[in-house]
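Here is the structure we will look at.
Per-chain residue numbering starts at 1, and chain names A, B, C, D and E are given in the order in which the chains are listed.
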Amino acid sequence: ADKVLPVGVLGPFTGPSAQNGKEFQASVEMAMEAIDYTVGDYTIEVVWVDSQSDPARAASAYAEAVEGKGIQAGVLNWHSSVAVSVMDVAAQYKVPHMFGFGASEVVNEKWQADPEKYSYWGGKGWPVPAKLEGNYIECINEVIANGTWTPKKKLAAIYGEDTDWGRSAGGAYKEALLASGWEIYSEEYFPITQTDFYPLLSKFKSAGVELLAGTSTAAPSLTAFVKQYAEVGNKGVLIASGLGWIGDWYKMTGPGSDYVLDSIPQLTTPEAKQWAKDVKAKYGFNPSPSSGGLSYDGIRMFIKILNRAYEVYGKLDKETIHNIMVDEVNTGKLTYSKADGAIIMNEYKYTPETMPDMVVGPEAYFFPILQYKAGKGHIIFPEDWKQKDFEMK
Amino acid sequence: MLLEVKNLNAGYGYLQILRDVSLQIDKGEYVGIVGPNGAGKSTTMKTIAGLISPMSGSVVFNGEDITGLSGSAVAKKGISFVSEEMNLFVNMTVQENLYMGAYTIKEKHLKNERLDFVFELFPRLAERRKQLAGTMSGGERKMLAIGRGMMSNPSLMLVDEPSFGLAPQLTTSVFASLDVLIKNGVTILLVEQNVTKTLAVTGRGYVLENGKVGLEGNSADLAENSYVKKVFLGV
Amino acid sequence: MIVLETQNLTKKFGGLTAVNAVSMTINQGDIVGLIGPNGAGKTTFINAISGLNPPTSGMVKMFGKETTGLTPEKMCRLGLSRTFQIPSPFPKMTAIESVMTATIFGNPAGKITDPVAHSREMLEFVEFPMKETVVAEQLNTVQLKRLDLARALASNPRLLFMDELASGLSEGELKDIMRIIDKISKKGISILMIEHIMQLIMAVCNRLLCIQFGTKIAEGPTQEVANDPKVTKAYLGE
Amino acid sequence: MEPTTNDLNMNLFDRVLDRLCLTPIGLAGLILLLILPFIPPFNQEYMLRWLIYCGFVAAMSVGFDLTAGYINIVNFGYMAVAGTGGYTSALLVINAGLSPWIAMLAGGVSSAILGLIIGMISLRLRGIFAACLSWFFGLAVMGLAIKMVWLTRGPLGLRTPRLFETESNFPFYFLIIILVYLTYLVCKWVVRSKMGLAFQAIAQNMDAARTSGIDPVFYRVFNFTMSCAIAGVLGGFYAHFYGILTPDMMHTSKTVEILAVAYIGGRGSLWGGAVVAFPFIFLMEIVRSTLSHLPGLNLVIYALVLILVMIYYPGGFSYFYDTHIRQPKNRALRYFLNGREAKV
Amino acid sequence: MSKHNMSDTLTWLKSAPGLSIVISVVVAVAATIDAGPYLMVNMVVTGGMLALVATGLTLMLGVLNIPMFAHGEYFMIGSLTAYYIFTPISEFILEHPDSWLVTFGPFIAILGALIGGAIAGAISEKLVFGPLRRRSTDNWVMNSFLLTVGLSVLLVNLHQLIFGADFKGIVGYWQGMPISIAGAYISLDRALAFIISAVIVALFYLFMTYTRTGMAIRAVSQDITGAEIVGIDIEKIVLLTISLACALAAVAGGSLLFMYPSYPTVGLEPLYMAWFVVILSGLGNILGAVAGAFMVALLKVITMEYVGAGWDFVVPSALIMLILIFKPSGIFGSDVRGVLDK
């Protein structure tokens, strides 16, 4: 194979989410090694595009990868804010990009405002928070309804990283909370690098906040939040969406994470478990299903698309890949499922109605709610998947 | 011989100021260096004190070669230097400055003895012992600098222009205190603009011009020397 | 004509009264010597007048106008120049550039047509012993004081303060400085000079002001003050 | 103050060059920069992108040097000031529909106002205190940009329309080269005038300057305002070239980049930073992009260069040039390097 | 006599230090009453940590005239050292929960951080500051400042190259229930971090004020030639000072590892905060720096409480600028002009 196809992998390889970047890198390398970096008579050259968790730097790096390294397609991405800015770059250079995790509404709205232009920003790897984050509140409401937990008053607070993701997830919690009769004490968004939350948490405690819901994509920040939540003596329920987005979170929270809620897909199939073992053996860390796992599925789905494009056109470049994306992926013709070797979700499937999101639901793409104890998560929601009942501290 | 300077060449960077300067001072002597501005008097002192390392030549003190030693090492050998710029510790009090002068002395009671001695010489300093050195007037600072130089009980004192900026009365008292030191067996090398005064108080003198020793001899003789009279006293 | 007048000028530093209610006058053409023991407050006194360290209370009147607390740059443009006890050069500038600052900025706009020539003239006037292109940081104290003087004169002052200009001069050099002071005075500039060298004071000053502990103890014609027993006791010694 | 050459026996070419503050070699350099994008490999888009960044840093370092090199105050919030210009410009285009060109100038005005404020409040401070004040000011401005999400979108990033409706980097390149030169020219004019003398005087000795009749308030504030105005316009360029702004642009580490170039180039020369920026930043970009598996290596090299320069050659490139290169024996070469020299 | 004292107290109250201390105390008490005792606890703990970093910074600035921009990187070195020492210890503890290391392991890690910082400081002096000092003739403050800027960039990126960009953190040093003070919970880690910083700062103050070496350090800070004249070995004092200052920062980094995991730029925030403190309180005054540290901590905590998360740069820096306008040499700064004016 003497033809080369440069592919950009966008991720936070340095900066506060570097751990997730590591997981991306492992997934991509493993998936590529499995096909020996070849599709048809093309050798795939992986170009790492470091977003550094900053939209401006990411856009610059992406443009440079296009101009300098000539990438013909791109895959993955961690942050919404980055997605919002890189979408334009992809559109400007007409480079198809698949499976970015930038989830928030801002991405969808932007996409829907000009589907033609943003057809280069292919199906996302993560749906808008409203589709999944509301599950927490639904779960909590059930718990209150069946009497497992009786909060003194229905006072909640929302926290999150100050990014499109944090705010958008915060918005989803707020809506769901207000709808079920909670009062919101305050909403706090902090820089993605913050690790000192004592003042903030003490404030919540003294206000008598019973339910604290929020998220962060930066592991150091969220693990610190969880740990300090326990330390200052908060007694309520903590939703820490994303704690499990790095596999080794327990090394950083310790028992502080007991009783915390999170929503993380599980490694259920033997392939999935094997994959996790392989990663541990080769890279020395426990991968997170939501980060390493999803990105592994993402890159493998992308390879499937490449194969398809090669099959149809005999040629791989930005146009052929884009065509397949538009014609077959976004229409739901080409999907990636357990049958293809997906390890995390049952099926990754896009339809014109849901674009740029995928089809969400227990049979397709879904996150159960877990409660942690001693470093292990147990599914407490939905009912069918339940492993344990919700427990109060 | 207490101090012997031989063929000293020194300067700043590439700029040579001193050319083959040689001096000898015996124990207990009171020696003066006179010369016009920029002759290199201060440079000579700085070189002896170890603040400038010489290009060539040697400095022997108490039979020990101290050429090229650092300033602090020289100070530990018993040479104290009262510089023209005074180099006080501006954010320390008068008393702290004086204690620092006795840095090489470890015993507390010896330090206090020296302190009393200095306060006796300069009652003004005693009055102001808690004032920060940086807030003192020019003349007060000069006193403090001299006082600090005396604190280490040196065997040789290099004193650069002690009367610079001092009121007549104080000038008199500074010279008087130098006399006291001489009587206490301290050796003094004095640089002073006031040629008449210098030659009147010292026993021996050197005339430095353009970085070279021009004349040397008994102070009394020098004062009578016609060249000195013509050049320095304008007679 | 009265060039400068102070009334009860006082300057305090925290608890210390460095200048205590000093009133004095300088007449046109005077060369006033300001003497006093070290730490008497002489430098502080002229700093208070020239604006570098504004007075705590009291009044300053220059050329008939009240100027209490004006900034040094305003005072300079009004015609007051000064030199510093501890030379205060522009370390990286050449001699001629240093003088040009005052030529250009110290004069009311437009007066000097050729600043370079004027500055050169000033350096010659003070008999500056070095080349005009020498950089200030390479000068020694005495040369710096000359440069300082040239800078002070470059703004064409009507009143000049000199703070210990002659310290560190040999007897021979004192003669030069006397001649220069004489030339300055001939230009019609009134002078207030702080000095410890009595030889110089007695030779050039027509009036003396003596302060001690910040308080004026004598003011008047030179001989009279010099013979004043209070002054003898406080300052000159026996 | 440099002797202004009103030498009448200079020929027209020399006189024009002198007015334009250029030497023949400077002119040659400028021409080289203008034809560079037609010479391979520099004609590739990504190289141009790097060169544009070089130009941005070059121009910024000139503006920075006006304060650092002439009144001896390091404006440690310089990129924050530039960022303010960028945000102002971007917001005016987005919300008021202004043309980016006009908005860029408005950005300059907003930064000038900021400069005026920094200049005023740092008046009584000297040296490192003034630097810290401008630093804190920069941090505060950056903090505001982060927190005023409703206006700036904070860390989410603000998309801004580009100056030219094209994918190509060519027009941006020429624009930044023009900006580099204009910045240099304007600053040079100022420091050649009597203002330059006043700047140096207050930098070197405040008391002496004041007693020589120089009003430090005016000159310091003027200097700050002007240098910040330059940063504002350049910030506008930045916004409308990259097409996205995040408060990250205002970060101290970005100012450090400008400052390093200005100092490696040589403080107080104005041209040093501008000249050094091109090869230096360009090389750093090459290192960064070719050794991307070693993230940060370029910055390690960058830091090493800065450290070595500060220790062994604190005068920077311009000092080196002035002492070792500027005065060759050969007369033609000498003319080439210096232009017609004024007779002193 | 007592009347005299009264008037002395009154002048002090009207002075900048008096005024600002009184205002700070009043604000702290009022806010505590309003919000709850946790506010005071947070302020005290944060202040203690800041004091540690800030005294090191004042030392560099006051004694050596080095406006240290790389100070945060020594904090980082401290946390990195502590991390690599404590990780094996904590694994050992997991297997041997009764070992003496449970109590003393953390101290070993923190001590390691201190030593690591001191060594790093000494190396920096030998490789970087020393050469500069021997060559530099003028412009020392600015040149050394830029040097530390370079040093900061260098250390950050070396960390990234060698140890990676990810966050290296620990669960905590000491296990056990948080202590409750008036309803405010404070974990053992935080309490001990505060105690460690308090002890170290106090020792350091005593050292600087009363020992011969401490006095020598101060002397060097004010006039190097003068210090040399009286027989102080400058090289030794400088080396000692830099090591000390860096060790102070590093021990802060080490003892705070439970809260600030080690990553390349972890030093930035402590650096900013320490500079806030130093500029606010003025130079060369250890007690001033300590008081300043608590003031900045108060500002930070109050901002968090009443303005919201993420504002803790804007509000304190704005306030500090305001204070500087009125008191340019800082609240506790001395009026004597130092070298930094140049």
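Following the convention adopted for this analysis, a contact is a pair of C-beta atoms (placed from the backbone, for glycine too) under 8 Å apart; a residue touches a chain by one contact, two chains touch by 3 or more.
All values derive from a computational prediction rather than experimental measurement.
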### Task
Give me the chains shared as neighbours by chain C and chain E.
B, D
### Query
Among the chains, which one keeps its Cα centre farthest from the Cα centre of chain C?
A
### Query
Using C-alpha centroids, which chain lies at the maximum separation from chain B?
A
### Most central chain, Cα average position
E
### Query
By count of C-beta pairs in contact, what is the leading chain pair?
D-E
### Query
Centre to centre, by mean C-alpha position, how many angstrom separate chain B and chain C?
30
#### Entry: Centre distance in Å when chain A and chain B are each reduced to the mean of their C-alpha atoms
77
### Message
Can you compute the centre-to-centre distance for chain D and chain E, using the mean CA position of each chain? Integer Å is fine.
### Response
34
### Task
Calculate how many whole Å lie between the centre of chain A and the centre of chain E, each centre taken as the average of the chain's C-alpha atoms.
38
### Message
Touching at least two other chains at once: which residues of chain E meet that condition?
### Response
160, 165, 310
### Task
Scan chain C for residues touching two or more other chains and write them down.
91
### Message
Which positions in chain D are in touch with at least two other chains?
### Response
146, 295-296
### Query
Residues of chain C touching chain D in their complex?
50-52, 71-73, 75-77, 81-82, 84, 88-93, 97, 100-102, 104-107, 148, 151-152, 154-155
## Note on the structure
In the complex, chain E touches chain A at residues 35-36, 38-39, 41-42, 45-46, 160, 164-167, 169-172, 178, 180, 184-187, 190, 259-261, 263, 265, 300-301, 304-305, 308-310
### Message
Quick check on the complex: what are the chain D residues that touch chain A?
### Response
44-47, 49, 146, 149, 154-157, 159, 167, 242-246, 248-249, 289, 292-293, 295-296
### Query
For the complex, which residues does chain D have touching chain C?
1, 194, 197-198, 200-201, 204-205, 207-216
### Task
State the interface residues of chain E toward chain B in the complex, per the touch definition above.
212, 215-216, 218-219, 221-223, 225-235, 284, 334-338
